[in-house]
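Look for chain A in each of the two complexes below; its partner is chain B in the first and chain C in the second.
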Partner chain A sequence: MGTAPASRDVTSYGMGLAAPLALFFLLFFVAPLLQLFWLSLHNDTAGLHWGLGQYLHFLTDPFSLSVLGSTLLLGAEVTAVCLVLGFPIAWLYQRVGPKLQTVIILIVLLPLLTSVVVRTFAWIVILGRQGIINATLQSLGIIDTPLKLLYTQFGVVIALAQVQMPLMTLPLITALGRIDPNLDDASCSLGAGSWRTFFRVVLPLSLPGVIAGCTLTYAAAITAFITQSLVGGGQMLFMPMYLYQQASTLQNWPFASAISIIFLLAVLAVVSVFTTLGRLSRGYGGA
Partner chain B sequence: MAGRKRTLEAFSFELVMTLIAIIALILIIAPSLVVLIVSFTSGFSLKFPPPGYSLRWYAELWDAWQLHFAAKNSLIVALWATGLSVALGVAAALAISRSQALSARLLDSLFMSPLVLPALAFGLAALMLFSLVGLPVSPLTLVIGHTVVCVPYVVRNTVAALAQLEPTLLESSAVLGASRLYTFRRIVLPLIRPGIIAGAFIAFMSSFDNVPVSLFLRDAATDMLPIRMWQDLEGKLDVTIAALSGVLIIATVALVAVMERVTGLSRRLTN
Partner chain C sequence: MILNRRSLMTTALTLGAMKAFPGLSFAQARPLVFATFTGSWEEAHKAVLVPAFRKANADAAIVLDPMLSVDQIAKVNAAKANPPIDVMLHDPGPALVAIGQDLVEPYPVEKSAYYKDLIAEAQEPMGPAPFFQVVGLTYNPEAVKTPPTSWADLWKPEFKGRVGITNLNSTLGTGWLVEIAKMRGGSEANVDPGFKALEELKPNLAAVAANPGALATLFQQGQIDISPGNFNAIQILKARGVPVEFVAPKEGAIAFKTTIHIVKNSPNRELAFKLIEAALTPEVQTTLMNPPYLIVPTNSKVTMGGEIARVLAKDTAELKKKFVFQDWKKINEQRSAWIERFNREIKI
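Right, the complex of A and B next:
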């Protein structure tokens, strides 16, 4: 009779153990964000005059809006490329033996742990005027003058897709591993072809993984400051660099705060849309 | 007839999927290989393929005291941030892992939120708060900022390791008369240790590589390695950076290999 409370006692630990980290977060994470929000609601740098001036400035300024728009678009493009390239990797992973599985997972994992500056630097070498792509195309006689690949939207999307690919692939591998392989066989034996089985059975069942991967990839791609600035160069401006310029170079903290809040809200909106989709898909996929 | 159509159809599917997968895997691995090859160039540019091979840029790296200084700073901050993350994160993970209470779920979301929120916005916010309370930027503020963005990795991996733990083990230990502390030391800790190590490893790597938080929270005297590299790359394309990248890539491969042995890192990130 006394075992129920006693067993609960030994298998769980008191919430008090979370107190130090909770306090740490309150002081150094929640408080700074509140302070950021507070300053964004002021029209002057000293924080004396309340007002929505910073937000109005952002939302009525075509330049600011175009920076926000191009950042959100960039995230969508990178996520799409990662999904199209990452899904087949996860699919292949389920098809091969344990040895090759380890090889695939390590190939996917390595970039995740390699320095972002190093990975981005690699793309400068590849996409540059003397880079591999231009050198190859020129030696094959396909082009005469080097193509401009660095400092273009294409360059930024490809580099970011490579940098963020692990974030898409790992959840997909997890999700595909949870699908009962018998469903695949059942679908095929009932007359559906491989393509149809893939789009009607495998893809819907892996939706929780797709959504988890898209969330992580999208959030990482739009905040990837280093890759955006080095591969994009000076002409392309995205939200993180815009924020940094306003805060650091121009010392306009209230406006930088408003940019941060708008950027935070944009990220949160995207994450919650994906989370809602994930909840719906879980009912559908049962995973 | 139908059978042949079926196999052709299945073949086309497998061919397309395998081809895309192989292209994607090459895309993932190629940049690192390119940097490794270029770092051994004998020339002065980042031309690929290099005109000849030599170790000259690695020798150059040996004398690059600015990079040494920055690397040392990054290493020290990463070690402190990782230590703090483990101390705070493991305790928090123990508290929230088996609890279904609303407070535990809310804390879990709070502790994970630095992973999705833009780190640059957090860096600016932390700088503003520190300057408001009169705490000047220093290695201390760097460690605090890094801990906030690195602790989620420790919490997540420790929670995952605790979820795999059989509650009956703890009950048996208690029934046999072990105290809670003794059970923790002799049963729980050995079983979740690989999870903690994996989390600490990822936290360390992400601190060592952090730019957005460091940009705001470092003082002028504390040069950090990724920022130094980034600024060097913005200015000129220096082959010394290629050699440094080579060192970092090889170090990462070696560390991942060790971690794979010790903690089964790859399984941990895909289950």
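Right, the complex of A and C next:
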């Protein structure tokens, strides 16, 4: 390192190293995606007749559109919960001693160390009729009959928020760590209160982290097939389950392909909104 | 031995290629591949069927490749000329799909020593049924004091918010809906009465599970007290100490044939036949009928015993009387429309 001959262009070497990964992506990501797209342009399940019938079917069907809408909304709700709960943790992390920092990072990472299936089943135990929440409320005499928590939108949002929380907290911790603590003091010494400092200094400077966290959480929440189907149950239909149903149970691959292409585009649209916000915020943070 | 970068790379690439394309390593003679189902099926087949097959066939090599029916079909479809699977196992719906797509061979009935001993419903010329899956009522005996006797009991007002069902993705969910439709004057071709009945069931519904496995666990959580359920899934829960009981409703328990097929163009046709023969023998079926497997046999020479004799049927004659078989050819014709309708109408 550092002793490379001066004549050699260091950037070209980097490209060569990226080639295996690029090839891998080309073979196992781009090619299947193109195949998927090709399949979605057929009107019959055997893939013999070309046409846009599958897309028309989806886009003119209020039910399919409502599934798409509720999936995108679910993502927004989960992202909002993660942001509201994750920000204080990240903020706290920057203000405690190294010992507590280790504890916090362990707590944040812990969900990533267990399988999604295990975490989801834990939520079934917590939210169930005889689960921890209902049992506690009943023993305290607050409620008589158990609340219905499992198989509700609320249950899905809470479970997903916990499952995806690290994806929000980790970028936030990084972003908050990059802020010079002197700026806080400067703001205070110039007469701003803690809240004013937070909203005018800390929050704008942490926006890149907020946006990175939101993008990750959002993308993970709307595609979380396992948690959605186990906590949401069979009657709450989100895009991943809809897709699975068409592809696997009904063997209607062209329609399933069209669903996935539409879903992909919808997610890309949301993510590009986040990225645009991120670009704007960079200007804001630098100002 | 000198290890340089080049030789290491070559070795790594070769190993990688063998891993990525396992076909390279056993170019011609590959062992018999049996695609069973995952979970308890795999366990049962590994412990009972495979040893019996190997004993009868001079320790022939066999590989279990457990996967869902739909995945089996997709895998064989992707390589019809040289299929990676020799023997497939199917629920009634996917079995008809596999036959319809010309993926399986007719079973050599005249060569078979056991085919004629199977009860009539299990004699399928495109692939016999070595086992039945049975769907009846399951309930929590601690919460439900008088055992239910009929599908109609699910509508009783005392079960308000206590009933669980699955959606139509599963064989169980679809088969149950058809049975409900029949109870109200419908049929495999007309499930309208079934959907009307579902509408009336809504106040009682506590959960619509995404699959039968998820439904069974809801008993564990006390989320539901009564539901249609698979006999085998309930036995597994019961063995783990969950308070559940199975009862065959008076309308008849729904029996699904699990059929076993020789894949078309299989390079191991003869061994595939032998494996299926082993699955049809009274010995294998008797062992699988006993705990912990409790799989319902189809060979009429098997004497029913244990839990199966207690809750389902004492012999083949009673089994025929108490089981209902459905016409899956008819069901498959409209199933996608039903799934769509269920998606739209069943919101609780």
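One rule holds in what follows: the second predicted complex is superposed on the first by the 273 of 287 C-alpha atoms of A that agree within 3 Å, B and C clash if a C-alpha of one lies under 4 Å from a C-alpha of the other, contacts with A are read in each partner's own complex, and residues count from 1 in each chain.
Note that in this section a residue touches a chain if its C-beta (ideal position, glycine included) is under 8 Å from a C-beta of that chain, and two chains touch if they have at least 3 such contacts.
Computed from a prediction, not measured in an experiment: that's the story for all the values here.
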| item | value |
| --- | --- |
| Clash or fit, chain B versus chain C on superposed chain A | clash |
| Touched partner set for A:S248, first chain B, second chain C, both or neither | both |
| First, second, both or neither for A:L230, with chain B first and chain C second | both |
| Touched partner set for A:A31, first chain B, second chain C, both or neither | first |
| Partner chain in contact with A:W195 - chain B first, chain C second, else both or neither | first |
| Chain B versus chain C as contact partner of A:V108, first or second or both or neither | first |
| Which superposed partner A:L150 touches (first chain B, second chain C, both, neither) | second |
| Touching partner for A:I124 - first (chain B), second (chain C), both, neither | both |
| When both partners are placed on the shared chain, which of chain B and chain C touches more of chain A | B |
| Contacts on chain A seen with chain B and repeated with chain C across the two complexes | 121, 124-125, 128, 130-131, 229-230, 244, 248 |
| Residue ranges of chain B in contact with chain A within the complex | 6, 9-10, 12-14, 17-25, 27-32, 34-35, 38, 45-49, 87-89, 91-92, 94-96, 98-99, 101, 103-104, 107, 110-111, 113-122, 124-126, 128-129, 132, 144-145, 147-148, 151, 155, 167, 170-171, 173-174, 180, 183, 202, 205, 208-209, 211-212, 215-216, 226, 229-230, 233-234, 237, 241-242, 245, 248-249, 252-253, 255-256, 260, 265-266, 269-271 |
| Residue ranges of chain A touching chain B (in the complex, touch as defined) | 6-7, 10-18, 20-22, 24-25, 28-33, 35-36, 39, 84-86, 88-89, 91-92, 102, 104-111, 113-126, 128, 130-132, 135, 161-162, 165-166, 170, 173-174, 177, 188, 193-195, 198, 215-216, 219, 222-223, 225-226, 229-230, 239-240, 243-244, 247-248, 253, 256-257, 260-261, 263-264, 267-268, 271 |
| Contact set on chain C toward chain A in their complex | 68, 70, 73, 97, 161, 166-169, 173, 206-211, 214, 217, 221-223, 335-336, 339-340, 343-344, 346-348 |
| Touching residues (chain side chain A, partner chain C) in the complex | 63, 121, 124-125, 128-131, 148, 150-151, 229-230, 232-235, 237, 241-242, 244-245, 248-252 |
